[in-house]
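When the chains are written out, they are named A, B and C in that same order, and each has its own residue count from 1.
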Amino acid sequence: MTNSLSSTLASRITEQLSQIVLVDPHSHINPLSATAANLADLLGYHYYTELAHSSGLPKEQIEEPGISPKEKVARLMTTMRPINNTVQWSWMVDLCQNLFGWDEPTIDQKNWERLYDLVDSKCSSEGWEDVVLKKSRVESIFLTNDFDDPLEGFDLKRYVPCLRTDDLVFHFAKPEVRKRLEACSKSMITNLTSLKAAITNRFDHFQSKGVKACAISLPPSFAPVKISDSSASEALEDILKNGVSASTASRESLSRWIFWTLADHCNEYKLPFDLMIGVNRQVYPTGVYQGQDLYDSRVSLIQYAPLLNAFPKVTFPISVLASVTNQELVDYAWIFPNVVTNGHWWYSNTPSIIAHDLRARLEAIPRTKQIGYYSDAYKIEFIMPKFNMYRSILGRVLADEFVANRGWTEDACVELGTEVLRGNVERIFG
Amino acid sequence: MTNSLSSTLASRITEQLSQIVLVDPHSHINPLSATAANLADLLGYHYYTELAHSSGLPKEQIEEPGISPKEKVARLMTTMRPINNTVQWSWMVDLCQNLFGWDEPTIDQKNWERLYDLVDSKCSSEGWEDVVLKKSRVESIFLTNDFDDPLEGFDLKRYVPCLRTDDLVFHFAKPEVRKRLEACSKSMITNLTSLKAAITNRFDHFQSKGVKACAISLPPSFAPVKISDSSASEALEDILKNGVSASTASRESLSRWIFWTLADHCNEYKLPFDLMIGVNRQVYPTGVYQGQDLYDSRVSLIQYAPLLNAFPKVTFPISVLASVTNQELVDYAWIFPNVVTNGHWWYSNTPSIIAHDLRARLEAIPRTKQIGYYSDAYKIEFIMPKFNMYRSILGRVLADEFVANRGWTEDACVELGTEVLRGNVERIFG
Amino acid sequence: MTNSLSSTLASRITEQLSQIVLVDPHSHINPLSATAANLADLLGYHYYTELAHSSGLPKEQIEEPGISPKEKVARLMTTMRPINNTVQWSWMVDLCQNLFGWDEPTIDQKNWERLYDLVDSKCSSEGWEDVVLKKSRVESIFLTNDFDDPLEGFDLKRYVPCLRTDDLVFHFAKPEVRKRLEACSKSMITNLTSLKAAITNRFDHFQSKGVKACAISLPPSFAPVKISDSSASEALEDILKNGVSASTASRESLSRWIFWTLADHCNEYKLPFDLMIGVNRQVYPTGVYQGQDLYDSRVSLIQYAPLLNAFPKVTFPISVLASVTNQELVDYAWIFPNVVTNGHWWYSNTPSIIAHDLRARLEAIPRTKQIGYYSDAYKIEFIMPKFNMYRSILGRVLADEFVANRGWTEDACVELGTEVLRGNVERIFG
């Protein structure tokens, strides 16, 4: 076929996939404040503050306490031209045009004030949240909830609780984390038994609110193994006594024990356990808020073999931070029944990397074991442009690889795309 | 050129490359039973059993002892729909259509019984083996033979012996391996001298049968170095006494000594030594047969520098399991006269990965140092669809990179493709 | 758009980018002998000698002392056919056609003697250097100067000094290196203070000659950290006494101390510090001259986090040897204000790898933080064909990703390409 046919076909597939009503299986939305309040809330997304900072704007100017939202936007807009090539910026232009009705091809230092006012008026309009979700064709959104989140005051059908467990696994030695766990579970943690009971209490609480997944982000060095109760007991004793001054060995032992205990609970509560593998926190500690984390791409899923073998009934939707790990992810999902690929995470959420990783997944993993995409958004306005990016790549890959190279029909492509975008989310998370 | 011209050109190049009579330089064909006996033999290929299992079919159902071939197919067909997006499945459809004359676009739960009968009748027809090879345009096929294979009862021109050495290098501590070596070499292994003599005996045996290569698959951690005879002697003594309970140090020392001794023999017998680098065995030990192995992509060819430097006269056709190692492979083949790239192995044998790896090879390594492809097949029916996949990718890469981007003629592309597909196999293996 | 439009568009963008007058920000040009003297000087480039050797030509024949340039070419031409698929060879054909006016489509054993004479006559013609630079549209070229280079006898505007520091960091334990440093700085090095003073002397010398960058190539294992003066003092004492027989610990400590001291000087002298990360020297020690180095792709930029955090005012243009490190490079440049991507280095300077790495950069890093390309050339004749290769890939990526997929205008693409090709070089190096 000619490329014009191929690109028309890709557009047509993308268009059909855009009709699907979505469940967004991972976000950081605060359901009590799901939409942006103003343009500063949108431009304040770490993707823009970190790129502005990377382009030369001092952190002190970006994060100066007490500046007005408009002043914040004014400062950020001074360094948006250097980032207007980035796909991150294209999300902003897309959402301004397609959600807010912005009528110019760009956003720049000359026109942003008019945009500021436009966003202000829309955000404060009646039912803006419903408008955004409707325009974005989003039915429900998975959250990322702290273990002590009361999960109250919002529609649990629209905003689906997920239990985020980084604090428990990696920061339990901090006294404030233990106190938070004691407070919400209404118990004292003095030994392994009471620690496990507190964790069970949290699973009960989340289950009562319709939790759909347990989730955690993991550094490249993490390698889960089962720790004996006696070793874990000693480690806990050290930590209860010494907090973050406990020995590294104790902290690592207890991390692993808690992680394994969470997997045990996922097994018992029949919850998928989302693993987000590969991030090093605070590699650039003087960077802007949420713009400090990077990674070491030397990580292997073989580190997770003991876990995958020990919990055959737990589904592990796995995200990897670096594209170099994608082939392992494909191949572990190809072999292990309980491994599922999950979206395109953070530094791998840019078009050339998505296209590369997506091709490798679609051609080798059972179609039922691929969760296409999640937004990872902090404000619901970002769901649409991110999914737009993904859908257009998915449309092109389906047109190129499946129709042009393998002779599939357009309908068969749309069916596969639908399964990856929506069907698998429902089946896997229930 | 327009894409329609480009894709017509790619098809034309592919078509010309499809006329070449092949030598398949690596397979697991059993020459005494080269063709499938029925559809269960085809669907029983680990690519289908492991994907069926990954999609949810219990191993116990797949591998239940005593079930009939037809029952096995019936069970597997219940989970073929979830894998019908995979390229692995496309091989099955291709071979059914193009070897067996299957006349439907798909194979599914509604029509498989008719296919079962069709395959049955073809497989039991007179001269099916010749038919398959002729339709596949395959002249000869390299085997993977155990060191104690008698290499008798088959046509040594059509089925070319290759000495597989994994057992010797990695399992010599198992008493049964030693006993097999003693039995076939008619000798007692009591020290390094007799061990080396037994190995020489095997090379003599294989040479008398027209062996064309020595081959081995290697875990990511393996790093060959020369072990002194005195260290190896001590290690052998430990192993002869203690078998698999010998110390790790002894087992690693003897592994390396045997590996180095094999390379010495390759040098003396002028045999290429195929290295297949990167597999971890039994990462998923409860997976289906041959569906348990995965890998750790953190491997480097620098681990092989001592070997490559020590044996400048031995050609090492190298396959890597993970695509991330392909650039190193390209660059080691670019510099080392004795390194040759060899096919697209296993988890890297899917279209997007082949295309990526192939481009990098064709643009940077001498054309004489690239063995394009091997089937790795267990039944000769799979040679054709796998080579079809490869040839169509090769055709597209030649059309896009060499004609469109570099101005080559179609004839020059076909000449390059021919060299990579066939010419180099002959020159390198003799 | 149809592919014919797309490829016309790509050509048009490439053509416009070809009009830009270049500053080549990294080369190995000897300004006292910038052009080739004859065809042997061109074919003697390590890209051809190493590929000839890799294809079977013995090093002894290539490097036989005393052979005439014509004899050297005659020998090399016997193995150019096996490498005529490589992009490296395409540079040679391009420069012969477009700089020397070679009128045949290929260079082969039948026609090379006529080319030899043609090159001879051009190279010895009046003003050849000016002709080459004018045809190549090159205004100035950065050099790679030893620390004791007098930097005299050439036009400092055209050939811009850069201080190469590998010898200081990695070979200071060799007495001859110390003596060279003592000689050029006219000082005795007896302790840290005098060592630092000698380094300062070199920065003063280079600054007086208009130095634009400090540069170093680094092995995969290198991980910079600040070494205390007391540890460094002890290490220096060991090295002054024992030279290369000093302990590994001493040599590593002093390496790191010198490296950190160089970064301190870059900070003080406001010089970018080019880091070229990932090469292992002499992996193939019996290879041809400059054809012995390879690498271990298992390297991470996290090894450089302490450096990047310690010197926020120093710009680090970073090159990585293996494409697997490109995503980390993209993401470190995305977050760290002082990290800039720098060209496509050596084994990553082939079309499929450039395209892959370039796409990931253009879509995620601020446009102001990408130095598109440098030639790395030893003779100025190679600048044009290498930049031609890069520009045509850049044109295609801009046409495909920015126009076709993101709706940019052609002008906006040319503006982005211009910034990456030229604008950033000026702004970053001053």
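Things to note:
One rule holds in what follows: contacts are C-beta pairs under 8 Å (C-beta built on N, C-alpha and C of every residue); 3 or more make two chains touch, one makes a residue touch a chain.
Note that this is a predicted model, so its numbers are computed, not measured.
Matching the C-alpha atoms of subunit A with those of subunit C calls for a turn of 120 degrees, to the nearest 5.
Under half of the residue numbers at the subunit A-subunit B interface are used by both copies of the sequence. Separation between the centroids of subunit A and subunit B, computed from CA atoms only, is 39 Å. Counting partners per residue, subunit C has 2-4, 298, 324, 356 as the residues that reach two or more other chains.
Chain contact summary for the complex, subunit B toward subunit A: residues 2-4, 7, 50-51, 53-56, 82-88, 90, 280, 283-287, 291-292, 294-298, 322-324, 347-348, 350-353, 356, 392, 396. Within the complex formed with subunit C, the residues of subunit B that make contact are 1-4, 6, 298, 300-302, 305, 308-309, 312, 324-325, 327-328, 330-337, 356, 359-360, 362-369, 401-402, 404-406, 416.
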